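Next up: some structures, all given as structure tokens.
Look for chain A in each of the two complexes below; its partner is chain B in the first and chain C in the second.
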Partner chain A sequence: MSIPEKIGNYISGRIQALARMIFFAVKVFRRVMTPATYNSATRTVLINQIYFTSVQILPVFLLVSAVVGSLFIGVVFQALKNLGLVSLLGNVLMGLIVTELSPFFTVLLITLRSGAAINAEIAAMQVNREIKALEVFRIDIIDYLLAPRVVNGIISVVLLSFLFSIVLMTSGILFSRVIFGISTDVYVNILLNSTNFSDIVVALLKCAAFGFFITLIPIYSGLQATHELTSIPIVVSRGMVRVFAAILVIEVLSLLIRLL
Partner chain B sequence: MPISREYKVGVFVIGTAATILLALLFLAAQKGFFQTSHTYTLSCRTGDGLAVGMPVVFSGFDIGRVHSLELDDKGAVLIKIRVPDKHAKWIRQDSFFVLYRPLIGAARIVVNTDHLESPPLAEDKIAEVYVVNDINDAIEKIQPLLETIERLSRRIDSMAAKTDEQVFGREGTLPQLNKILKDAAGKLEKLETTVDNLNKISKDAAEGTQDLGALRADIDEVAQTLNKVSRDIDALLYKQKKPEIKLP
Partner chain C sequence: MTLFAGEEALDKAMRKFMRARPRHAAPVSHDFPLISNLEAWLNIALIKQYHENMPVEASRNMVLGLLRNLGLEKIAEKRNPALGEEERFYVMLLRAAMVERAAIVIDRPFKMLPQLKNFHAVLMALKTIDGLYASCDIYDYDWMKDKYGALCR
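And now, the complex of A and B:
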């Protein structure tokens, strides 16, 4: 096979893989949006998933948010003061920290904790032929396995990202008072003046997109495992790389939407 | 009694979702989404720096937003601003509107009202917007300074050229100074010979002075001898007691 043929085959394979993933994503999205999907078994799985992804890590998440958020806010506020850009405080706080940093930080935490776990779980089920067994018993794996995890991803990223923003804005009250001598009323007024509904809507949609893909891609990668145990680490690492690529793509797309 | 997993998840989801909803409602209320508003039309010569959503500011506080922009039949830009009812009191008939474009930060329309007791501005009246541009102002302020610096630079160049000619030119100071210094050096050489001669004369004079000392001692001795001779003669004369002396 000549080099151009090899390159053509490689590109064709990649495009087909991407098309299969998009087709799979559309299929899962349609089932997620169908009320009939949510039977009692699906609801139980969904509750368990939300519990493991959000509720269980909530104290640690809030602690990390407070530490990282305060550090970031302190550095940014100090830089604004040194540059004489105090008037841009609200724009920086809402435009950079709340709409960009919060979703990004949240999605990174959830991907590292839950995305990898879901990927390994589905891959292990595939290796142990549990997914085949479910199909034999005529249990729909999209309803039972995929939909609850994807919905959990969307709910968890949106809610935790919002909590992260709340923690950041609260620590912003303290830092604005210490660094700029701004009272709470003025701080709230600055935030309100700098807040646009369109930014919030874009941030919420971005969080939902993050949540959808950081669970869908690990599931899709996990389902590609063969019946050998050695395939588990391969599909997990491949899935995580795809997830991080998807995060970057969503970030860029959201930035483009905000610019338009 | 242990709290069930379902209960914890329910509290988390409902609590956080309710907080999000309340925050959005609060934001909407503060932004005036639930308020009726007044729409005023302003006119401006140019649309540069204008954008839909641009804030309308009174005394540093946002009181409204630019709702839409359009061109009229004469080519002027018509700016429709929407101001909530609670802020409409700041806009009066004698209010004037300034499009302020700062060097750093977002542009805004600033409302200035001198007499708050004057009648409210009618919504069908078109007020003019004046443009204040920090960038142009800064350039205008810097321009005379740049011109002065340029003029100074030209003068310094001219002065440097003249100085160069006067100092280093054919008839300049430096060649003449060299000539004077050469003359001075020649004269100094001659002066050295004179000084040598003077030293020699001085030495001879010193030696002459010593001879004069010996001569004076001789003269003193002669004077003393003469003095003694005189005294002897006086003594002899006294002994003769004759008033007249017969000289041989």
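And now, the complex of A and C:
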């Protein structure tokens, strides 16, 4: 096979793989939106998943948000003061922190903690033939395994991102008083005046897209495991690379939407 | 019960059985293990919760009652790796019995229960859950005939 043929085959293979994943994502999205998907079993999985992803992580998440957020706010406020851009305080807080930093930071934490776990869990189920057992008992994999995890991903990223923003805004009260000598009332007023409805909508959509893909891709990768134990690390690492690529793509797309 | 000359014939018959009863086939087989990250009771209750939308509490009470009847209520909260061979087999049997009008097929029981001396204990368990399934068949090899005693005569 000549080099151009090899390149063509490689690109064609990549495009086909991407098309399969997009087709799968559409199928899962449709199922997530169908009320009949949510029976007693899937609701139980959903509640457990929300507990594992959003509740168990709370102490660490709050601590990391407070430390990283305060550092970030302190540095940004100091830079604004040094550059004489205090008038842009509200825009920076709402435009940078709420719509960019919070979703990105949240999705990174959840991906590292839950994305890898979901990927390994599904791959292990595939290796142990547990997926096959579910199918034999006519339990739909998308309904039972995917839909609750994907919905949990969306809910968790949106809520934790909101929480991260709250923590940062709260630490902003302290730093604005120390660095700019601004009272709480004035700070809140600046924030409210800088709030842009379209930014909030884009941020929410971005969080939802993050949540959807950081759970869908690990499950999709996990399902590609063979019946050999050695396939688990392969599909987990492949899944995590795909997740980080998806995060970057969503981030770029959201920036483009905001610029348009 | 049905006996086969070899693995290929048995596997073929198993597939045929499953295809012929797409809604009611309920295998108890080494090839279809319990879900590792679910407790024993939830492995059993899952079928009712999923197919009949049975509430969690009701399905839990029902499964605990069934496990009690088999003298296995203490294993309800255990997960698959923590179960003994016999416990695992009975959980798989109960899971199969949860299928609506279940056509249970036990695939090579002695493969799952190598320590079992004779089939009497399994027959007693099947009798205990008699009302839960529509039919029950056992697939095994010809050379295992003696292990089933009166069942083959």
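Keep this in mind: the second predicted complex is superposed on the first by the 260 of 260 C-alpha atoms of A that agree within 3 Å, B and C clash if a C-alpha of one lies under 4 Å from a C-alpha of the other, contacts with A are read in each partner's own complex, and residues count from 1 in each chain.
We take it that contacts are C-beta pairs under 8 Å (C-beta built on N, C-alpha and C of every residue); 3 or more make two chains touch, one makes a residue touch a chain.
Worth saying up front: this structure is predicted, and the values here are computed from it rather than measured.
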When chain B and chain C are modelled together on chain A, clash or fit: fit
Chain B versus chain C as contact partner of A:Ile50, first or second or both or neither: first
Touching partner for A:Val26 - first (chain B), second (chain C), both, neither: neither
Partner chain in contact with A:Val75 - chain B first, chain C second, else both or neither: neither
Vertex chain A; arms to chain B and chain C (CA centroids, nearest 10 degrees): 170
First (chain B), second (chain C), both or neither touched by A:Ile200: first
Touched partner set for A:Val249, first chain B, second chain C, both or neither: neither
Which superposed partner A:Leu18 touches (first chain B, second chain C, both, neither): neither
Which superposed partner A:Ile166 touches (first chain B, second chain C, both, neither): first
Smallest distance from any CA atom of chain C to any CA atom of chain B, in Å, after fitting: 12
Contacts on chain A seen with chain B and repeated with chain C across the two complexes: none
Of chain A, residues touching chain B in the complex: 47-48, 50-51, 54-55, 58, 85, 87-88, 91, 155, 159, 162-163, 166, 189, 192-193, 195-197, 200
Contacting residues of chain C [partner chain A, same complex]: 18, 22-23, 25-27, 31-37, 46-47, 49-51, 53-56, 59, 95, 99
Chain A to chain C touching residues, read off their complex: 39-42, 44, 121, 124-125, 128-130, 132-134, 136-139, 143-144
Residues of chain B touching chain A in the complex: 5-6, 8-9, 12-13, 16-17, 19-20, 24, 27-28, 30-31, 53, 55, 61-62, 104-106
